[in-house]
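Paired with chain B in one complex and with chain C in the other, chain A is shared by the two complexes that follow.
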Partner chain A sequence: MSATLAVLRKDLRLAWRDRSGWLSATAFAAISVLIYSFAFDLAAQPVRPLLPGVLWTTFLFAGIFAGAHSFQREAEQGTFDAMLLSPAPATAIYLGKALSHMLALLVIEVALLLLATILFSTALLTPDLALIVLVGTVGYVSLTTLLSTLGSRARARAVLLPALALPLLVPLLIAAVRATGASLGDPVGTAPWTLLLLVFGIWSSAGAALLFPLVVER
Partner chain B sequence: MSAPAIETRGLTKRYGTLDVVRDVTIAVGPGSKTALTGANGAGKTTLLGMLATLIVPSAGEATVAGHPVQPPAPALRRRIGVLAHLPMVYEELSPWENLAFFARLYAVEGAAARAEELLRRVGLWARRHEPTHVFSRGQHQRLALARALLHAPDILLLDEPETGLDPEGVAVLDELVLRAPGLTVIAATHRLDHVASWSDGTVHLDRGQVVEDATRGSASGARAAATAGGAGEAQ
Partner chain C sequence: MSASGAPTAFAAPAPRRPGALARLYGRRWGVLPPLTAVGMFAMIAGAVIAAPREIVEGEVQRLMYIHVPSAWSAYLSFTIVFVASIVVLWRRDMRWDAVARGAAAVGVLFTALTLATGAIWGRPIWGVYWTWDARLTATLVLLLIFSVYLLARSVAGPNDEQGARYAAVFAIIGFLDIPLIHMSVNWWRTLHPQPLIVRPLDRPALPGEMLLVLVISALAISLLALWLISLQAHAERLGQRAQSLQARIDRGERG
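Right after this comes the complex of A and B.
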């Protein structure tokens, strides 16, 4: 627990000091939503079902930008190995990194929801949607943290993370988009999408925490 | 005779079909200082990586401080300090923040006092709150030395530790590690002019294999030590 908190605190401090990764992710997210708002009148009924897809596509790529930057920096400075050399369990290190990534991504997502609320004249900061975004982000971050670690050790790290992450994230994205649509009142059938999202979140968090010690082996 | 602090038997690391380290068998006594020499690509860094528990051997076995290196036990990692080719410190953090972070990972007792002691000894106390990215390569190396010693390890694995250090920095390295009594040290180095001043044994690698072993734990090393001891007594 102490190691997890130490890694979390350190990563948040690093994210604050070297804001380039998170700022570029936020800028990307804001520009994407702005362009969508110009392209479509998403508040209008015929294109309204696109809104969940717009939100989650933006979350997805903003997270990939920011996460890859953080892990690349650790790999280049050799600090990831320095953490692994310590007696702290690899799982504790993983949890610290995943939590810091999640907190930073949640900040971007809340900012994005605020912006989208204004641009699309649709109330997006509702408790239902906040829960869906939170659960979806847990599943997303747990998986991408694992894959970022794997990718940071590869020469083709810039392409490896999206190539690995996107196929594995398909179930999460489908559930997240559908659950978001349901929370906005769109007809998305009767499937319990939020529950599916929760199951994916638990599965990916547990799986990633168990696999992390194997992924960091060389 | 006490058990070796570091012992390997047939240690091998293979990447694809290439044996980067092949069938390395060495024994290093407690408190000894061993130079690991060899040309670039001889396998020194990979051998140190396996001893440091970071790289999983393809074959053979190794024990450090009586613990097998795989699977790595926390008790073993507490006893090893590593100074690698990269300084392994966070550029965006100050020296003080770097040491505070690693002290938490190692659960170092009296961390603040220990960090102060080390930063003073490596000459970075006055700059402890400056971001590390403004430091020179030698100052990074001094901070890396403090990080490696933070948890008071008794076994040090060093990869070209003199990198970037000025003569004063090399003197600090000598005092804190290379000539420190009781510490077991294996250091990969190209500074052959410096080796004779601190090492009591040498392992020379060529294309992943040991071609010369004159460590205190080896047969040739033992003969060398006996000869040296005999010569000393005769004097």
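Right after this comes the complex of A and C.
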């Protein structure tokens, strides 16, 4: 537990000192929402049917950038290997990394929801939606943290990571978009999307926590 | 040694006594090719000549005898990838990594074959090559996952043990993701308001002759898949040995 907190503190401190990583991810997210609104003319038409998809694709891409950046820095400076040499259990290191990624992504997501609320005059900061975003982020981060570890060593990691992650994230994306749509009052059918999101979160965090020690052991 | 005298590179591990499974695996060169040949001939004869012409769909319905067994063989291959990946993580045995690589390539081949035959069948029957039906979409995502697996594998060399472990983790996660993908895509397509839902499998049960031909085809194509996997795994294994020999030569020249 203390090891997890130490890794989390270290990552947050690094993120604070080197703000370029998550600031560029936030800037990318904001710009991509703008690009989407130009492409689909979101301001003129009834926006709600498209809005959940716009939000979640932006979350996914911004999260992949932020995660890849963090692991790339670790790999370049050798800090990841140093952490693995320490007596801290691998699962604790994984939890620390995942928590720090989750915090970073949640900050980006809240900023984005705020921006979209203003731009599209749709109330997006509701308790319903906050829960969906939180559950979706847990499932998303636990899987991509594992995949970033896998991809961090490859030369073509910038391309490889999204290619590895996005097909696996299809259930999460579908469930998150539908659940978000439902909370905005769109007709999306009666399937229990939030439950599927929850199942995906439990599945991916359990699987990643079990497999991560096998990935990093020498 | 096998009947055909072909090499049996990793029939038995050197230190351990060969178990029943390893001995069976050692005989594969003598068993699989002839059985596959007989099965394929029986399949072609059955599908083209013996099976009755379907009244509604016509001759194009005969594609089913390749399409359905291909889908089964793809799942068989990915199950082999899954099991071999678990053994790679558990035993750290690069021979199983060769099996996983070989089975993934064959699985991708049969998934693509499933999608291609389905599209050829879909054009005259549904009027479109592709439709965002749940089953089709899930198969496409499956094809993507294991294509990316092969892509990531092609970056690392054949003897890269860390790369093998990484790939094994990805294959396990990808395989376990399949039920979730099926569930999500099913709900996405069937519970979402849809003008028209295509239900390709709501046909009445197959008549006896067709079922018999389908069973023969399933056996034949499964044998073909197993034979291809063992060939491909053998090729991967030879690649591993060639690279380690090369590494030894390089070290010798420097030292």
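Simple rule for what comes next: the second predicted complex is superposed on the first by the 206 of 218 C-alpha atoms of A that agree within 3 Å, B and C clash if a C-alpha of one lies under 4 Å from a C-alpha of the other, contacts with A are read in each partner's own complex, and residues count from 1 in each chain.
In this text, contacts are C-beta pairs under 8 Å (C-beta built on N, C-alpha and C of every residue); 3 or more make two chains touch, one makes a residue touch a chain.
Note that the structure is a prediction, hence the values are computed from the model and not measured.
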item: Touching partner for A:K10 - first (chain B), second (chain C), both, neither; value: first
item: Touching partner for A:S2 - first (chain B), second (chain C), both, neither; value: first
item: Touched partner set for A:L85, first chain B, second chain C, both or neither; value: first
item: Partner chain in contact with A:W203 - chain B first, chain C second, else both or neither; value: second
item: Superposition-derived comparison: chain B or chain C, residues of chain A touched; value: C
item: Which superposed partner A:D18 touches (first chain B, second chain C, both, neither); value: first
item: Touched partner set for A:P167, first chain B, second chain C, both or neither; value: second
item: Residue numbers on chain B that touch chain A, as the complex places them; value: 49, 52-56, 74-75, 77-78, 80, 82, 84-93, 97, 101-102, 104-107, 131, 147
item: Contacting residues of chain A [partner chain C, same complex]; value: 143, 146-147, 150, 153-156, 160, 163-164, 167-168, 170-171, 174-175, 178, 187-191, 193, 196, 199-200, 203, 207-208, 211, 214-215
item: For the chain C and chain A complex, residues of the former touching the latter; value: 89, 141, 144-145, 148, 151-152, 155-156, 162-163, 165-166, 169-170, 172-174, 176-177, 180-181, 183-185, 187-188, 191-193
item: Sites on chain A touched by chain B in the complex; value: 2-3, 5-7, 10, 13-14, 17-18, 77-79, 81-89, 217-218
